[in-house]
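Below, chain A partners chain B and then partners chain C, in two separate complexes.
Right, the complex of A and B next:
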């Protein structure tokens, strides 16, 4: 009863608040129900949710891994930009590679580019004592402008006016669900950008889980994050591990490019990321930094994104930026969780008296 | 003397099963200068914090003017006229002196009547003989003057009882002199002063009465005039426990496991180690005695490679810095850290995880980077049983264990059979007698098997029972060394407190 209440009551409240916002925008709150069913009960909605959840799994892992060692990686946004542009760059130089080389190369370079961008804050934190939050935030700006330059000049698509790169060579394409399973006779998630890099994300989450909870390395990281002084006392090389963590986190964030560039758009469009790097923080927070939990929470946030898209379709006055409002409401509720739980318990206690 | 002004009646306090105060009873007369003296961890600060409303007592009562009182927080205590200066000042560095003085006690009017307040504070300064510049920012003041701000703060709140917790610990000798004389002055103006210290000289020169505490209990409350240094030191260290100096073996020089020569450290602030030299041979226990904060912490940091130093250190026959801290552990270096919860354990981790900390890359705990859970479990079960950790569950969070059992986990890990040099800091701090004797037996066994042990402890009985030699450290340097049997307790106490060397 209590657990049902703990999930059910906030859900109803969130629904009511959202309805209030929709109503205030001059729309009929009834479209919420339609958007909800389109999001969760149609292949189209599910396809988009998978597509949105994939980058969030990567960035969520990127944040969570660092967090286990007591480090804050706010730089996933910059790392994923480098990962994305690296794919275009490698395709630009090696456009004739066969598929079985091109795809692994693209994936590895995306991870590598993100890792290199993570190396900088890692080094500065470990050996220079800089605060990683400041460094990673600032590096995001540098990455945005630098990648912006690459998009607009060396890698620009000459055939269009918009700020986007050339199309990558087709050998680098990762199949969409609709194509990959076509020999089953069904076009899974037809017309959605959901693609097989989702499985790379799942694999990464599993890998992160195993490293964290099953390996000596993960043991060291968690020791560092739980009691840094004791970890140092035990001879754990906290500097090396800090560096190592930022590199791995950067690699995870860089893999966002695989979903975006190899899987769906086949090019980098300036400003393509609606803040995946920052949403990753929320995703990790909701999952309490558990890698397998991150899959679920990425789906939640991905679902919100799809839901916002649907609302945009169904209304005149609402843009898909409503997803940010929904995220905020959700986060406020999650942040209030201890307080709400206490209130509920108290009410129950009083009703007994 | 009439009715006691302030009376503690059988006050007891436990923290997580460790008793900090047991049936503490004593009286303080109005307008007196009362000292509370004892070793570290004797419960001096705890009993004062109970009075001040920081902690609440488990049992017993405190009577103020004959009326039973209990404060729930320091604000209530201040309103009743009790003020405390903590060892670490509670000042806002960027505010001026007068702002700090009124902070938390500001008038509730819309604007702060600065002129009036300044006049009031100045009046206080004149009355009690202070001369601080009220507009000065606190961060620019020397420590001694910051302390005066703390005292003025209490006077501004009309405190009648001033409690000072180790006030001279942070001061130079000259500043200490000024402070103590100022306190005498305040006493003449009908304030009651309670001074917590472990410096015998301050007690003897300045106080009227003194309460001596040891292991959470009051040993005696006497008028200072009836005491001398020797008597005070023996009371403080505990003469009544005749410690059997057992199994002292005349050690024959063997290979050294630790050779330290002319070790010094630099630091911009705080304590420096000055030219330390020290040898620990295999099969020997060397004790280091000293009041807390005389360089023991720094020595531990140097040996665990957390602090840079000049000089030479050879551990287990090789230069310390030829190996990483982790490698040195594999070579047979064990450390029982001074603060088990801060440095020794990852409390939320399970017991088995804590038992492999620092050895987690060793076979068979891991293979190819993967932790091998069956081996870890097996090892943990053996160790927990051998060291009698209760409850004996490998997968229980270490945070749930009592202090003594937590310490057993550390000893099981750091002082295993293959350790060749053990650095043991306060190994039996806060553990019961049974566990302590078990540890001591274990250390003797290690010594018999040829390990060298460097024992840093504030428990002089422990030092004397275990050590072959005892060195005394003060202010970052070794000032005395004798075979353990040649030290008497009062000698050791006097040497540590620096009244005699």
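Right, the complex of A and C next:
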């Protein structure tokens, strides 16, 4: 019932609001139904939803882990850029590696690059008491310009005018669903970029769940989030743990590059992320920071992204940025829910008197 | 040199408006990470309104209203609904960054920028005859009226905060909410008013960017200024005059960045992207080293009760 409440009611609400927006944009609300069925009842739509959900699981985990300890990691956007460019860099230098070495190396370096960029706010928060929100946001801007330099100069694809890197060596490719299951005579999710890195995301969610709820480390993090002062007096090394959290969060965010670079595009295109880092915050909030819930909530937001894409395709003057607006509306709704519930209860109580 | 100082003032202006607006909200005890979003919506509002009305001052008015209303959303979520101020602010930022391209596509069939406005529909430099009679100051007397306003604003806010009943109540809302409630003043009302006015001040910044500094709205044109303004507030320890100094310093780094980009010699050694990132890097470094002694308003960071 609770899950129904959490996922279903917002969905209906979002549907109604979207219909309103579409009507206000002077389009026929009937395209809503078409976009909806294209998104959720076609293999094409589902493939795209998986493709969008994968990075959202990574960034959702990245944000949620920090949330558990009462910390805000708004820096996933910058961390995922470093993760992505790291893969291109390693392929640039070690293009001849065999597959069984290349793929693990790519994954590890993507995580490592994200972790290193997470180390900066972690250190500044833990040892200098800096405001982690402002620091991570400033680091996002720095990452955008510096990675932009790497895309445009050292790793530029010389054969094209557009701002993108060279194509990585094919040993680093992670197979798409359509190829991976071709032995069974089926091309699953044909022509979509959905790829097997989705399973890495599932594995990470499971890992995060185990660390959080089945290990001493996770216990200490949650203790920090519940009562920071008490946690410190109980002997938890809060500074080390803060640093550690930001590093692990950064690593999760860095893995977004695996889906984007090794799985689908095979290169880094400037500005490829439609704000995965920020959407991660919404994903984590909807799932109430539960790693396994994040999988479901990432699917919700991934679906929203696909849906917005369909809407842009079917209409003349709706842009796919509508998904960001819908995310914000969803967040407002979630924020208001306890308040609304209280008001409703109050009203009902008064009518009984 | 004189050009450089003038350029510094021009870049500092949006930061001053934004940080003064943010300062009001933060002093009232509500963390305000959403300056960036308010700048975006107000910049878009003034550019779009100016396109239809051809009057910069009317568009400024419209932008102030929209900026204030968006801050009311933040006020509603934090004060009334009592949700976490950082999450609420992120929501406002998301809404702003999604809504502006959506409306742009709807109104102008283009989701990256609004049509360029003719010179006469923008804010024009105001020549102050009194100032121009002095020998050195006369070189600085040819700015947009908003620039002069921005330099005066921190002093006005300083006086308002320390010498008026409203200002003292606002500070109390941030430093001792219980005391304010005990003295019979509505905490919620004080905070709502502070956030609305703060939003209006931030909107000056957006309007200046869209129809003063440039002639159109470009997607995500605020480019992190909201966060740099926030850094300025923290560095200025939530005091108007030190915050003004921090803003002028960041305006200086912005001017320096533009200056360095045009020098060809440096471009050979250092790529343009690194020079572009200079304002963010400097903000970060100053923020990190200025912290430690800063003391935010007491109630900030707590969810309101």
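Structural remarks
By definition in this document, the second predicted complex is superposed on the first by the 328 of 353 C-alpha atoms of A that agree within 3 Å, B and C clash if a C-alpha of one lies under 4 Å from a C-alpha of the other, contacts with A are read in each partner's own complex, and residues count from 1 in each chain.
The criterion applied here is as follows: a residue touches a chain if its C-beta (ideal position, glycine included) is under 8 Å from a C-beta of that chain, and two chains touch if they have at least 3 such contacts.
Source: prediction; values computed, not measured.
After overlaying the two complexes on the shared chain, residue contacts for A:230 are found with chain B alone; chain C is out of touch. Contact with chain C, but none with chain B, is seen for A:137 once the two complexes are overlaid on the shared chain. In the superposed model, more residues of chain A are touched by C than by the other of chain B and chain C. In the superposition on chain A, A:72 makes contact with chain C only, while chain B stays out of contact range. In the superposed model, A:215 lies in contact with chain B only, and not with chain C. Note for the complex: chain A touches chain B at residues 214-217, 219-220, 222-223, 226-227, 229-237.
Per the touch definition, chain C reaches chain A in the complex via residues 33, 73, 77, 80-83, 86-88, 90-95, 97-99, 101-102, 104-106, 109, 111, 223-224, 227-228, 230-231, 234, 271, 273-274, 276-277, 280-281, 283-284, 287-288, 291-292. Residue ranges on chain A touching chain C, taken from their complex, read 21, 25, 72, 74, 124, 128-131, 133-135, 137-139, 141-142, 145-146, 148-149, 152-153, 275, 278, 281-282, 285, 317-319, 321-329, 331-332, 335-336, 338-339.
Of all residues in chain B, only 304, 306, 324-329, 335, 337, 342-349, 353, 357-358, 360-361, 365-366, 369-371 touch chain A in the complex they form.
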